[in-house]
Amino acid sequence: MATLPLYAQLINLFAAVLLLLAFAMLAQRRILTLIDLFAAQGFALACSTAIVAYGTRQPHLYASAALTLVLKVIALPLILHRLIRRLDVRWEFEQLINIPATMLIGIVLVVFAFNLAVPISQLASTVTRSTLGIALASVLLSFLMMITRRKAVPQVIAFLSMENGLFFAATSATYGMPMVVELGIALDVLVGVLILGVFFFQIREQFDSLDLRHLERLREGGIDEEGEST
Amino acid sequence: MIEIAAVIGTPVVAALLLAVFGERAGAPVINVGASLVTLIAALALTFRVAIDGPYSAFGQLFFVDPFNVVFVALTAFVGLTTALFSRPYMQIEEQHGRLSPARLRLYHSMFQFFMATMLIALLTNNMGILWVAMEAATLTTVLLVSLYRTPASLEAAWKYFILCGVGIAQALFGTILLYFASERLLGAEGGALLWTSLNAVKTDLEPTVLSLAFVFLLIGYGTKVGLVPLHNWLPDAHAEGPTPVSAVLSGLLLNVALYAVIRCKVLVEGAVPTSFARSLMMGFGIVSAIVAALLLLRQRDIKRLFAYSSIEHMGIATFAFGMGGPIASFAGLLHMTVHSLTKSAIFFAAGHAAQKTGTQAIDEIRGLITQSPLVGWGLALGALAILGMPPFGVFASEFLILTTAMSEHPWATPVLLAALGIAFAAIFSKVQPMVFGDTTAKRLPVRPAMLPVFAHLALVLMLGLWIPPFLAAWYRDAARLIG
Amino acid sequence: MSATGIVSQLLQLAVALALAPMLLGWVNQCRAWLQGKRAPPLLQPYFTIRKLFWKDVIVAANASAIFRLTPYIVFGAMCCAAAIVPSLVTDLPFATAADAIALVGLFALARVFISLAAMDVGTAFGSLGARREMFIGFLAEPALLMVLFTASLISGSTSLPAIVESLAHRDIAIYPSLAFAGVAFTMVSLAENARIPIDNPATHLELTMVHEAMILEYSGRHLALIEWASALKLFNYSCIGIALFLPFGIAEVSDDWRAIAWSALVVKLVVGGAALAVIETLSAKLRIFRAPEFLGTAFLLAVLAMLVNQLLGS
């Protein structure tokens, strides 16, 4: 097969790195490394968007890449680091299923995502259309990560990483969304994380821990075990 | 143009004001005042649409047609009545010691922000901005649900955030797919996400992509509508948040989410020749109705009871829109309107009932009429209304839906009847001892605000007996649009 | 089956046998340099093997035939593997008899026999080593297979010379799937060759031995053959890695293979050995229960490589 131009190869490389980072986050035990991996993912995303901008000569993607860089590589990890320091979270955390099993489920999800993306990729006209499967796979992997975590902060990071995957899907299928929409999404994400920060303090104040098992007491009857009924 | 700016700008300005001054004694008055101004602007907007017909504004960023203008007016109206209700309600909560002035500041400003996001979602023409507004609506209410800071409310807020967040991520993917399909036809300018442009070219959009997009959009926005099995956040959020929040969640947020689903359905129906979208909506709708009805029997908390009733009714409305056709869509629109009015009225009454008895447990609320006829009758009539008793409006819409179902989809009729019947039995049996008999209720320090309750119920009664011609015409226009 | 083919086949086998202990010595030297120690001479492994050949063989009274035969079987398997991995040339007539999957089978054969022999005499160390070896091997084999599958899918054949030829002729470009496969292969070869971070080749502590535990009972020429076979295994893995990921310079049938192939091989082995020493110095040995995660990651990377190749076509 013919070799792709250099920028297309670089985009493929960054897409593969993105997928790798998604798996690495899935297997990671320590919160600080998790945040750094998330920042790395944001960086790979920004780089790939910038390369698409260069290769397809679409200047508005440069703005998009800059936005991603500022928000996901600088602002969000900073906020998360500060949050963790002030919340005094412990370093390691347990998971619902063990790591090798999680990885295997992850592989199954990746195959599923690749299959799902094939008909859409065929319709796309962008040069990056083959990376849509990877974008979808990283979304599903973040989803898996969300399900298998018991502490609040990793769930939030999984949520943010899901948004990364969606952003990458937008870039690979349609060269990004209109700027106004992207700005709106970025604003949402930022406000969301800030609100979550406030929320974590409330949780910690009430339960003295961020273990989500405390947040599973509400049952169908509507009254939790302490008899709190108002 | 001015009307749209006023409708959206007023809540935003009020929210910013209240963020600064929300702890003062005058904050509830500002809240009510802003809601009143919003309502006036909304009514002006409706008059404009009635005279000029549908139009876009601000460079196609906003779009008003008969479909969304009804809901804009409804949102503004329910917003006003909720603000009126929340004045004495929050005063009583403060005196009972459950809230501090700082939290009230948060409450007031977030309330107005929430109204703003709802109105933006209704009026925007851009599907991407619609998404942003829906997510913002969740964000503004997360902190409201956890306002009381009890363990249960924190859990409810967390579930709400995570479940709705994941759902809305699906909707984002659906929006991306939609953009993907439309960009090939309309180019990469912002016009590719405008609903008006999409509506014009919907028959040329790629069917596979749109079907896939609709699945994601339905799951995503459907989570916020409360469709089963994505409904887990709803009962907790309604039960643990303050009553005004439950009222707007049930009365407004669910409606706007369903509005978003319907906008997408119109596009998909044009592109996909089969009845794929409609079947999905019917399926989800009817499953929601019957599951919620069955779960009603087990409820022991008054707010959770009516939260499940909301799920059931939104399921019925989704089913109606899934059936399609002029009568069913008309009935669906009417159902959304009367449900919104009735449910918020019920929540107002239930809120005061809980305050009077100091608990939300159904078994411990007794004999409201004996102590306070207003609250008791408010609750009783509201319950009767939501159960579909004639001559209230809910009966009219449910009747239309049932008859359409009988003629077009007979298999669904027994399920719907079963759902309605079970709900009737459950709610009636639980409400009856709450309202009649010996009382456990006490007097409240501040006079409860029952005017909103009866205002809503009066409207619902009127809609059941006689629909004003302009309203009927609007519903018919909107139904024609929905198809 | 030309004459030059047979000659090049035998030459390659001889080179492998000759160079393997030197590779081992080079890795040990690099490690010593990096750790600030004085290294044993470069040819030390040769001296060790020669010394062992002169010594008497002591066999336990209750050892069965397996114990006596295993050194020869293992050595023979490693020689067969060396014969089919293209390190100098791709014109290997022997390679038609065994492809990449059979290669994995040869390694598995060696592993099975050495584990059996370890358990044969009945000592505690032997069983301990055998259990751990099988534990690691059971996880490493699928990963190795996946890496080879990726290479096979890219080149369209499972025969190693064919893989090398097609990979050598691809354009210079960035291939993410090969990058992932490369990392996965490195991790697998660390595990299979009993290197840090899976196993420490210099230790004799009970808690940490894996490979050493299995060969404790051997002496004399048996031990010499097994040590030579271990060196050959490292050489083979290095050559597989070079063949898959850096196949430039391997002589093909039509080329004049005297100068370029030799120098290419030597340079690559020197760099590879140094890199191995660096990895060993920078890592700490993992607990045995963490080995599944390490190998699971390798397996995952290998599968990812295959999937990425299917999706992106590169």
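Lettered A, B and C in written order, each chain numbered from 1.
As a convention for this text, a residue touches a chain if its C-beta (ideal position, glycine included) is under 8 Å from a C-beta of that chain, and two chains touch if they have at least 3 such contacts.
Since the structure is predicted, the reported quantities are computational estimates derived from the model, not experimental observations.
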Relative to subunit C, chain with the most remote C-alpha centre: B
Top-ranked pair of chains - ranking by C-beta pairs in contact: A-B
Most centrally placed chain - per-chain CA mean versus overall CA mean: A
Geometric centre distance via CA averages, subunit C-subunit B, whole Å: 66
Rounded Å distance, subunit A centre to subunit C centre (Cα mean): 38
Separation of mean Cα positions, subunit B and subunit A [Å, integer]: 30
Contact set on subunit B toward subunit A in their complex: 98, 126, 128-129, 131-132, 135-136, 139, 142-143, 146, 148-152, 154-159, 161-162, 165-166, 169, 172-173, 176-177, 179-180, 183-184, 188-190, 192-193, 206, 208-209, 212, 235-236, 239, 295, 298-301, 304, 354, 358-361
In the complex, subunit A residues that touch subunit B: 119-120, 123-125, 139, 143, 146, 152, 155, 159, 162-163, 166, 169-170, 173-175, 177-178, 180-181, 184-185, 187-188, 191-192, 195-196, 198-199, 202-203, 205-207, 212, 214-218, 220-224, 226, 228-230
Complex contacts: residues of subunit A adjacent to subunit C: 1, 3-4, 9-10, 12-13, 15-17, 19-20, 23, 27, 99-100, 103, 106-107, 110-111, 114, 117, 130-131, 133-134
Of all residues in subunit C, those that touch subunit A in their complex: 171, 173-174, 176-177, 179-180, 292-293, 296-297, 300-301, 303-304, 307-308, 310-314
